[in-house]
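What follows are several structures.
After this come two complexes, each holding chain A, first together with chain B and then together with chain C.
After this line comes the complex of A and B, so read on.
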């Protein structure tokens, strides 16, 4: 710890680290200085002047903005003097000159910093009698964000966020002086994956989101702290509900994980909870039609089926369950020796990973402390968005960024070395000697390195990653982060004894060796690259039990459908993130109808079958999950509920992945996932449902020329299956690489290992016969 | 890209003069303005691509400075000085005369896209006040009568090229002093210290 210096604030000595900003030093010592533009995670700009304080200088007392002044030894500060008060009143009077007093109809009212600070520090009345400036009230600057420029106080938090943090500055100040406004370029909407954060940090009601607008007043909201289970980053969230409906998700500043930010999918993908299409009662298929039934009847029928311990059972498990759910399944499966405790996880990208002893595991914070960051994984921005923000932050702090492959093209602009084309082949193999690459020689060898390693596409062979990782382990002080990208994957691989991927499912599971298949919260037919094979397999199996929120392409094949509670806000439990940090998932709203948590269903079934499992309570499952750890370090509910552990507890798990090598698996295409897809939950979340609907392929300009495309549209054809799609020019992709997103409607029916014919669309006139 | 090759070439030359690409936005905006007379969205997009930032960031710069025109101007941009020296020398009358003649208020363009009128801050011709600029070409020592004549000449002849010396000879009065920067094209150019970017056409 570096030495601290002493400063005098309002007559009290406080200690602070040197070079800290005055406003931050005061905040840490419990002295609040009002502010609008300053935000802990953004660079200071000193725009709003609300944080003026008096400091003593050789030339007497002086007003300075505390957000741009660094503390110095023996500094004497006054934050409450008459002069400061007068300055604050003045600033607020100026800010309110053009700010409409429409608090009664403003969504921010009740949690509005401007409102609060006007009450606390304001002048009480205004001397301004002239007309306020007017703008068109709210304009939509993207599909999900609305902007009311009259309310804007020009603090530049949103524009600075989009420039500094997310790196997509699509909003800026336009005009000057009294006419200044925040806006986008005409016809260039604020299309950012992180736009929701600007709504959260806006200190007035200028930025609002379509999903929360006019839905509730802040003082009516019930809230709970939870963890986002959208991807393995596991951002800390605050869930808000009113009248038992989930209405809003906010990011919580968890210093080691998300630092207050969330991606828009994590923030807005919740409306499906209130969807009218949610399953509410258990269903049973009779003559190809679903009939409502009771859970007891399903229990009875299933227990008849599985009374014989020779019943062949298989599990296809989704990544949206809690750790406790996984423990319940694991215990339940122990009653069936034939399963070998094998669980097929609903993930194309899962592979053995790098978890052996001797390989150091990276935490997200390690990115900031390393000299170089090596990335070879799926597109971080699309699949682990907040990790992408942390990588950007680390690069800004001076880490060298070395990116392999075609998948992370969004990092190309900030990468010091971007190895594609001649170094990484179209099949995602490194074709050059790694040790001879300039970036590796200069910045990786014998340095502190954090590597984010994962499959770029389901078709990438495991051995390609081995080469890079073994070089890093041998030649540098490296820490490896395994970049699996779906939900609670890390909870699953910790708590299930034997985890395999979807490819293994297609190879190992068939109607002959399966009497009963449990499909838990997964829609592999809707999104997997092995969709067709899985469809064929599940169709032939006699008894399929689906636990899900909705009827979708996979659950429609089930014989028994159990409505389940969503892990988002309807369940309690724990979640394990990419750095093996376990944190709390909490319940805020009731689940609809007769929905059950996964573990509740399994526990009930277990009791019906008279199995002697100890899976009857959530606390019991939680204890079972962490029984191997010392009481102090274990992420049990008891420990996680201590305020010091709200950010989660990192543990040293040994994951259980037993995927088979994906030999003989190739694709001519770069297949990957986009943030918004045609997933069932997004489809039923109204405000973002259209964002994942566009069907498209991506390639560089020259590749598109080679394909002879010209009209902006093309048709993908394979074995009589036609899909019309747009093509998007992405010149960051290497020549010859064609990106096809797998999470688009009807794209799942393609077999990407075979050739897909891509031809220009016939023009509309030609199609229009009349 | 809506810019032709020679403009792109010029732009690249400008960008090379700066250690950071985005520092070239200012002169590039002048280049854009010399092409269209204002900063079009097309030009903004081209500049953003050339310097590697987003369109709205370029727009933020171009709207901040009031001399980057956001709207197309007429064929002749009449900028009458309203700053202190000219005001003392009765620029108000000149402004009224121009307003009367064109029927335009400040920052308006007529129906025929012939004239745009604006009253501007100091144009650096205090010694020869009152002064005005036609398409950024200065004419000094104006009187009301000469101003009307000048406007009539513009309306009647509609010359393609405006040259300061010609106007000065025909309509001007007392001249402050010889303009410091000798410039073949007849103007000091839009950015002193840089080559001119076609704000006026070459002298024939």
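After this line comes the complex of A and C, so read on.
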């Protein structure tokens, strides 16, 4: 790879790695060749013909597209000759003859490659006097994407993205020649978890998002680089705002993490920031009514409680905080020996994980360099979407894929071995000798393996994962990635001294041993499978302080409500991702009303109580978080703000998880989370709020037949709790397995260890007694 | 001037039932294949084809033996017969498919034997309903007789032959677009390199793509030796060719002749002259994509090289005569319209340029042209085919775009006054 070859471009010698595409080799040496269809992360198609250059061949100079031509030693290239200029001007004129001149009302105007390259390379005026091609102005091709076919220049970026990268080719070319258009298939909308990426890479304003449409002009946008805290992948993002309102999130091409892509939840789950329902003032509950109060009054009342050192305090902490917030809580808790520095994390999937010595930790890039990838975890596509894309990419590059369990059925199509029903029980327990499985013998034993391991459901017993991991550690050169799936989990487990999960909360916390409970950015009652138990516990506790963005099922039970700033766009700090890569979270917009960051609240309270915690500045917290590292490797603000570290710094943390074993926990159903759920933030983000609203269950055709379902709807009943739902056929599920999405409304209230009666909904005619 | 019947002999002699296997076998059909498979060797077949010097009849005129020699060593390899005959003016493959399908099948068997191929496809244009039915029937008959399938003629050879119908796209005659279409994708030409399907073709495996007429010639060559075939025609254009003669002639039709006589001689004798004894104003020597010749160029010889040396191409052998009454702007417009309609839409210059050319020509032809339109036409052409030279340079992936340029450059080079006469003169104020 270290070899390089020399090519001559416009009379200058440049060096390039062999087999590189000419357009890339030139780009690396600072020579820009205009292009529309070529995109670094997509296979070249050579369709737009904008990147034509002249190369010398034995038969004279030849025009070739630089996006499909590989460099060869001693190649002589001219990117600026008269012939090249004429061809580029010609292509631009061709593209423009049918492109509408609606730049003044086009969202893309101002950051439009077609506009920019027309200025740089195009003809000054049009010679086209005929009527332009017309299509119906934007048609909606999904709930969140609109398509204006008149603006489309048919570069195939969107169609290639959905085919090559996300693997759901729902958007395609139809018709041919001058009538060619991009469109979806009849009755099949562009329902992809990654559809927003096509809007970002569209070189014109053909694809637009409902959330950004007509909201701003690019030259009015303010922007910062940040990290998405939606899941532990931690994609690099650019946040855009105008007039102090967050309006758009774009993916930044972080080569080691997201390579420019984002999932649609990460991209569109921001409108809640501007919601009128955001909490803006501190509230206090009096006679079951919330009254507005001042932060000072809350501090006074809490400090009275806290000053008694016998006060028993517990923390239920969400995964949406920054590392600095976690450090503040950790320092604060040191004042209360009764807490044992224990923090209950708002996650019912969290378990001890595999972090011991002897286990090599994997980075996302390791996927590309491994011979085999073994996955046994929650559904990656639903929970760690961009990691799912990276797995797809690695498989495309030749890695063998071995999937256990039926939670990752979305990978079944590209998996070399998909071990579900006969290998794994309904409760995700391996029931055969792993070493005897064909795929394992062939592709895992003594090979370089990257494994993605996590709990497939909250009910999966830890020991089952142990079995697979110990096999891998003993028999292969393996690296393990612990697939926790909530927000900044890895930041929490690094910065909090002792972390437990929600199951532990239900077992350990009660009104008897808790005088004061802090609930930080968590809605376990609305989301966890332990909802009922947690509801009972919190209800009985006398003093509950909730730090949150909204009032929801859990925060409604608080006695004190503190409005907080969102980690998305309203705070500064750091975030640690699934590979222990720490990167910057940055602030772009002000938070509403009297909102405080978590650490600001805790620091204020600490000062009010006269504790000597030294947690009163963000920089101080940041230093405290990384004090154990050498100055050079430390992901301190100072280091992260160097351009070379924008992609984050990986460190070797020793996390502190002490979850208890979850024996005796069983489920009769396959319980999992969907990407879009009934989360409070999604509920208040208008563009995507409906995507998480549908209530449904999944089962194979034969299972559905056995349940006698036929009307398309059914009712789930258990102890007076009824949920009406659709059912969806998913034949990738084994017979008898019924999937229930725990993060759709009201499903998590069921007791999954007991039978839920599923009966067909009676049709309306039958109910009509008249 | 007389026809030399090699490929069309059987159908001429048995007009009623030449497409049936009994008739074909009665006249010695399948004997050559049988002998070749039992007694011959693949090397021997390849040698005969090379000696015959036959060049591809699809249009490009690439030496068939050389093409077969490119076939990369690999276990899986395919033969695809290009029967997507869609070039306006060309209808020669049609009679070979419709009236002598067994000759083609026999050619396929021998070709596959020579190239060690076990899977072959015939890709027939969707509009050829009757020929496709005839070919399918013939394939079925051959299977019944054991000439296709396992152990053909009790030899070691296996061969499966699939008849596939296109969906009405001219571009699928371009071999890589044909392969895409056959694979179930959009019929769009592939990027080059790889330059030859023989290296990476169908399903990215080595693939021979040959024209119907080329492969139909194989049984004759094997029966009579390549040396005999080489004696026919002239050097560089050996053997016979079926020319499709159309336009303003008295006797249009398919004529199988040895290459080497002049277009004038061909039209006068076999075509029986131009209708109403008119003069030829212009003619197309090799299908709609070929640049035109003027009426005073009728003495050009009908060989691949002579036509090429006069900056056009013999192409698919479609000779279209246009008499002195022809409105050449309309003629050019109808050809450009065809290409605009058939553009696959993949690359910008062809997708947008051909339609634009059509619009401008339409304006000019209907008397609404502007003085600047002639320069505009030529410049738009230049942006599709830089330099307007022959053979064309191109800004496109495949030559379909430049094909739409040919009639316009012909018009402008030789009949510019005719175009200018259609443009209204400006009123002087």
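FYI, the second predicted complex is superposed on the first by the 766 of 770 C-alpha atoms of A that agree within 3 Å, B and C clash if a C-alpha of one lies under 4 Å from a C-alpha of the other, contacts with A are read in each partner's own complex, and residues count from 1 in each chain.
Rule of thumb we're sticking to: a residue touches a chain if its C-beta (ideal position, glycine included) is under 8 Å from a C-beta of that chain, and two chains touch if they have at least 3 such contacts.
These numbers were taken from a predicted model, which means no experiment stands behind them.
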Partner chain(s) touched by A:169 [first = chain B, second = chain C, both, neither]: first
First (chain B), second (chain C), both or neither touched by A:94: second
Which superposed partner A:6 touches (first chain B, second chain C, both, neither): neither
Partner chain(s) touched by A:185 [first = chain B, second = chain C, both, neither]: first
Partner chain(s) touched by A:48 [first = chain B, second = chain C, both, neither]: second
Partner chain in contact with A:467 - chain B first, chain C second, else both or neither: neither
Chain B versus chain C, judged by how many residues of chain A each one touches: C
First, second, both or neither for A:441, with chain B first and chain C second: neither
Contacts of A:86 with chain B and chain C, given as first, second, both or neither: second
Residues of chain A contacting chain B in one complex and chain C in the other: 173, 175-176
Complex contact set, residues of chain A against chain C: 44-50, 52, 62-63, 68, 83, 86-87, 89-91, 93-95, 97-98, 127-128, 130, 153-154, 173, 175-180
Chain B-touching residues of chain A, taken from the complex the two chains share: 168-176, 183-186, 188
In the complex, chain C residues that touch chain A: 169, 171, 186, 191, 340-349, 351-356, 359, 372, 376, 380, 382-384, 386, 393-397
Interface residues, chain B side, partner chain A - complex: 41, 44, 53-57, 59-60, 63-66
